[in-house]
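One structure coming up, written as structure tokens, with questions to follow.
All chains are identified by letter, namely A, B and C, in their written order; residue positions are counted from 1 within each chain.
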């Protein structure tokens, strides 16, 4: 376990010391500033727009960062061969992959937490304290989405060994994952049995990202209950677990 | 061997989570074939595909406000004032059917603005709102107010709108419609009362200047 | 004497597929070799002869197509046995965002040095490689010489029983070459086993107990010290007689 936490800590340090990490906050600043300007156009619904814009910006930045990092970190280590000095040590490959992944998630989550704090300061004049638990729940669901996307990106990077291909497929699945309910609707409407089957398989196998968007559901007539959050947690752990198992399996067979 | 089997508990967990999520919270949005995509379809679908549904609705809302503020859309039917108001409202509410403010705002404009005066379109918007938000009663009171307006029963219309303006999320537009209605029907004290509500409400800050003006015009002291 | 390294009929075939066409090339073929504890063994060969492939198979970085590679009696890859091994690659593949001290602490932890002994081990190795003063600078700011010292330090911080080195003297200045030679001699005096690859005949013959010659992935001969000691140029003559270039280039005609 000590090696696992060492890898988490070292990976966190690696990302946080990277110049690009600081640029995340710059982009966040710019987007939140843009949200402040745009929300003034919303007249009576300024509070809603500030909330939606900020949460969306934080999620967008978090997810683009996790896709980029997850696809590249192993491939970069292989390219610059720093991986030799780690794998020539008594550390199981599965532990290595999990440790590096956990460190990456931690680094991006920490960045999202700082961004949420900045966003929260802008929301104080517009929202009451009752918004806080709702905001935190929406933020946590974004982090859960980030865990699933990151694990998927890692698995695809080890499968394809090409960073652009892995990023393209991850972004494709990201988009299709948000479109899965609409795909299900199309499948139900189709008269073709093969199309129905294909859509059914895709609907169940591809990650259903649409269900992570609690920030959209909070306006619904009957927002999700506590039980729903528990199921979402199960889904996140289960799906990410499968992707990480695939990553560990592929990495164990990798040659350097 | 044990490590190879480890994938199955994760798959089962994911399956439990997946079915549990759907059972405890059925998908709350209408199918995408109901989206109004003649204008800005690419923007809306792109944002929804990236997972930013409410943001898409918010940007649609800004487009609507820009339009109401004096913009014109290419190809618009200029024989009718704000001909695109209903489709633009439905564009927003088909993306986010729980954008309750949009239903009340647009239906109030459609029904109560003299240069628009299209109560049937207003009711269409409200009925869609009521279908999607059956527990949100301000939609019903607005519909009632429109009905009374059609029957030329201002007093009962005003009673219905009074219930709406008590809501913290009531659009300022509705308050100004009621206040102007009171003024037109000689009920100046009621008009001043409603404008005072606007003046004292921080959420109506954009209308504070107008409220002060109207109160002065009606011969009262804004303070 | 016990075997530290045992290669039993190891073959490695590289398969590269491109647009549906598969190209195969032999890394090593039918390689059988045994290295005893306390021995210094040098693997000589031209570029592309299979030296690095052999080392990587031993470390578990490559999987043999056929045959078995064993270290300390365990079939590789076996992560646990790697705690007895130090690896010095051909270049310093170190994480540039860490300081020298942080990097050694990192590798010491990964090598399972107990926490209570770790600080002392890191400080000692930093002192031994002469890097104590520069330990708190980021590796990205190091000179080439400092890179090599830290690289050496990471291979030795956990006192390995076996040191595997991939071309340790390639690209080094004469002073650094002497330091590597001193290191190997010191390790031998400590009873450690050293297995390294090189194409520098003059250095190999100075330190090794035995030498293996690789040509086109095959171990064509294994020489004992008595085969070249006291006979200047003998090892070079054996080597040049044994190996032939397979890169598709002809011999130089300036003789």
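Going forward, a residue touches a chain if its C-beta (ideal position, glycine included) is under 8 Å from a C-beta of that chain, and two chains touch if they have at least 3 such contacts.
Bear in mind that the values here come from a model prediction, so they are computed numbers and not experimental data.
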Problem set entry | Most centrally placed chain, judged by C-alpha centres | A
Exercise. Measuring centre to centre, with centres taken as mean CA positions, what chain is farthest from chain C?
Worked result: B
Seminar exercise, completed: Rounded to the nearest Å, the gap separating the Cα centres of chain A and chain C is 41
Seminar exercise, completed: So, in whole Å, the Cα centroid of chain B is separated from that of chain C by 73
Problem set entry | Chain centre separation in whole Å, for chain B relative to chain A (CA means) | 32
Exercise. Residues of chain B that touch two or more other chains: which are they?
Worked result: none
For this session: Would you pull the chain B residues touching chain A in the complex into a rising list?
Result: 3, 6-7, 9-18, 20-22, 24-25, 27-29, 31-33, 48-55, 58, 61-62, 65-66, 96, 98-99, 101, 105, 132-135, 169, 171-173, 203-204, 206
Problem set entry | Interface residues, chain C side, partner chain A - complex | 56, 59-63, 79-83, 85, 87, 89, 91, 93-95, 97-98, 102, 106-107, 109-112, 115, 154
For this session: Enumerate the contact residues on chain A facing chain C in the complex.
Result: 2-3, 6, 10, 13-14, 17-18, 80-93, 253, 255-256
Problem set entry | chain B contact footprint on chain A (complex, rising order) | 38, 41-45, 48-49, 52-53, 56, 59-60, 94, 145, 174-175, 178-179, 181-182, 185, 204, 208-213, 215-217, 219-221, 224-225, 227-228, 230-239, 241-242, 245-246
